[in-house]
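Take a look at the structures listed below.
Next come two complexes, and both contain subunit A; in the first it sits with subunit B, in the second with subunit C.
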Partner chain A sequence: MSTLIDLILLTLMAITAIAALQLKDLFGAVMLTGIYSLLSALWFLILDAADVSFTEAAVGAGISTVLMLGTLALTRRDEKIPSHPRILPLFVVAITGAILVYGTLDMPAFADPEAPIHTHVAPHYIEKSGEEIGVPNIVTSVLASYRGYDTLGETTVIFTACIGVLLLLGIGRRREDDES
Partner chain B sequence: MKQHSILRIVTKLLIPLILLFALYVQFHGDFGPGGGFQAGVIVAAGLVLYALVFGLDTASEVIKEWVLMVLVPLGVLIYAGVGVASLLLGGNFLDYNVLAHDPVHGQHLGILLVELGVGVTVAAALTTIFFAFAGRGRRNPTGQRIAQVADLAQEPPR
Partner chain C sequence: MMFEVAAVALFPAMFLALARAIAGPTVYDRVLAVNTFGTFTVLMIAVLGFMTDQKDFIDIALAYALINFIGTIAVLKFFAVGDFGYQQESKK
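Showing the complex of A and B:
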């Protein structure tokens, strides 16, 4: 039963991705990327990664869809058809994909208990976080306490992204436009 | 979107629930899935929904731009401030053990505060980014109104 759900979800994700590539109407393509995010959120949930699934559903399916629609409103709605076939981008993408697939060949099998990631600090987090941090959700313990530096970095990244968008688009520029 | 009364009423009903759920995710992140990042995104989604249905001007009245401009750095400052406070209390940077009388209480306090910092920055930053995108498309250089995000869904396919 679980395998059936896996297969259906992954097939739907593949169909959505291919359909989004094929569509020339960018509004529809944006909607499809939203659906793709929602499907991958479901997929993360099946893999027991509830926190990741939550983030994917909120950010991928929610906010980034709206932001892409915002971008569409600023540009145009239909895809520009290239005048000549793009050989070089196809070549680069194919090579990068092949290298990435080659890289996965060395990786330990899925859910292998002897994999390095399960033998380094993870046992300490699982066994000791209850008495050291006292928070039932280990993900929160790791995110906010053990890995507090990383999360501070992430927050700074979001702050920087916001500054960058404001510098490029300018939230105050609207008022100037109204006056002129 | 003045003609969509069902959309407007349902949105009015939904927004308090969205914000309440965001607070739940923010402060229940210690016990279940969620935390500052997810809560911040949900708050931003609530505000974006409001702006889409009631217009950007109304949304700007609800949450002023200068408030967002204060909140975006405030969250980072709360986070880094917790780190500096633990330095001043004799621990390492972001070592929450020294924040309260015993280590576990210190960890609870530290996690609560840094998650709050993350939530504030994420909510304000995503709302600001949306406002910047949506506000940009309102007028072209000649002052004529061009397409808005809210209009896009209603336009017939070209």
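Showing the complex of A and C:
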């Protein structure tokens, strides 16, 4: 049953991605990437990664749609049709994909209990995090306590980046030349 | 069993909303299709939560509904004002 739901969901994602590539109307493509972000957020949630799913929904479906629309306001709405076929980019993408696939070949099998990631600190977190931290969700206890300083640093980086983007876009500043 | 039927019944609606988002033709068709699709995502999260007996999915579904609402407002404001950079009254 859940396999059927997974299959339909992944089919929806594939349809959305291909349609976003094919559309010549860039506003429609931006809307389709919003739908794709919602679908991948749902998919992350099915994979039990609630924090990744929240990030995907807020950043993918929320902020990046808005940023792309802001970009569209500065450029044109229809896609420029390339006059000649692009061989070199296709070649680079194919080579990069082949290298990435080659890099996965010596990875441990999926859900292998002997994989290095499952033998180092993960058993400690699974067994002890409940009594050491007192948070029922293990991911939350790792994020907010075991590596709390790292999360604090991440938040500072995102906050600084956010302030920089706001200053560059001039949000909140009024347009002087309109007011007399 | 009831939740499985609900989950499968949601998919045709999602496909139809996706078809409208792809076909267009106007801007408002697409905005409404994305908003509808977000609503279906929220419903799907709630149904999946009850199906797999993870009741905290309801909270996540509520947060998604808020994100969906704010995103739709942002897109519509973009079309009403033209950009996000300035206050609305200064455009007059």
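We take it that the second predicted complex is superposed on the first by the 158 of 180 C-alpha atoms of A that agree within 3 Å, B and C clash if a C-alpha of one lies under 4 Å from a C-alpha of the other, contacts with A are read in each partner's own complex, and residues count from 1 in each chain.
To be clear about the criterion, a residue touches a chain if its C-beta (ideal position, glycine included) is under 8 Å from a C-beta of that chain, and two chains touch if they have at least 3 such contacts.
In this text, all values refer to a predicted model and were calculated from it rather than measured experimentally.
By the touch criterion defined above, A:Leu143 reaches subunit B but does not reach subunit C. Of the two partner chains placed by superposition, subunit B and subunit C are both touched by A:Val66. With both structures placed on the common chain, the touch criterion links A:Thr16 to subunit C but leaves subunit B unconnected. Applying the stated contact rule after C-alpha superposition, one finds that A:Gly170 touches each of subunit B and subunit C. When the two structures are aligned on the shared chain, A:Phe27 is found in touch with subunit B and with subunit C.
In the superposed model, A:Asp51 makes contact with subunit B only, not with subunit C. Residues 25, 27, 50, 53-54, 58, 62, 66, 69-70, 73, 169-171, 173-174, 178 of subunit A lie in contact with subunit B in one complex and with subunit C in the other.
The touching residues of subunit B, when paired with subunit A in their complex, are 25, 29-35, 37-38, 41-42, 44-45, 48, 52, 65, 72-73, 75-76, 79-80, 83, 93-94, 96, 103-104, 107-108, 110-111, 114-115, 117-118, 121-122, 124-126, 128-139, 143, 146-149, 151-153, 155, 157-158.
Residues 4, 7-8, 11, 14-15, 18, 21-22, 24, 27, 30-31, 33-34, 37-38, 41, 44-45, 48, 51-52, 57, 60, 63-64, 67-68, 70-71, 74-75, 78, 82-87, 90-91 of subunit C are the ones that touch subunit A when the two sit in their complex.
Interface residues of subunit A facing subunit B in the complex, by the touch rule stated above, are 25, 27, 50-51, 53-55, 58-59, 62-63, 66-67, 69-74, 77-78, 131-137, 139-141, 143-145, 148-149, 151-152, 154-156, 158-159, 161-163, 165-166, 169-174, 177-178, 180.
Per the touch definition, subunit A reaches subunit C in the complex via residues 1-2, 4-5, 8, 12, 15-16, 19, 23, 25, 27-28, 31-32, 34-35, 38-39, 41-42, 45-46, 50, 53-54, 57-58, 61-62, 65-66, 69-70, 73, 169-171, 173-175, 178-179.
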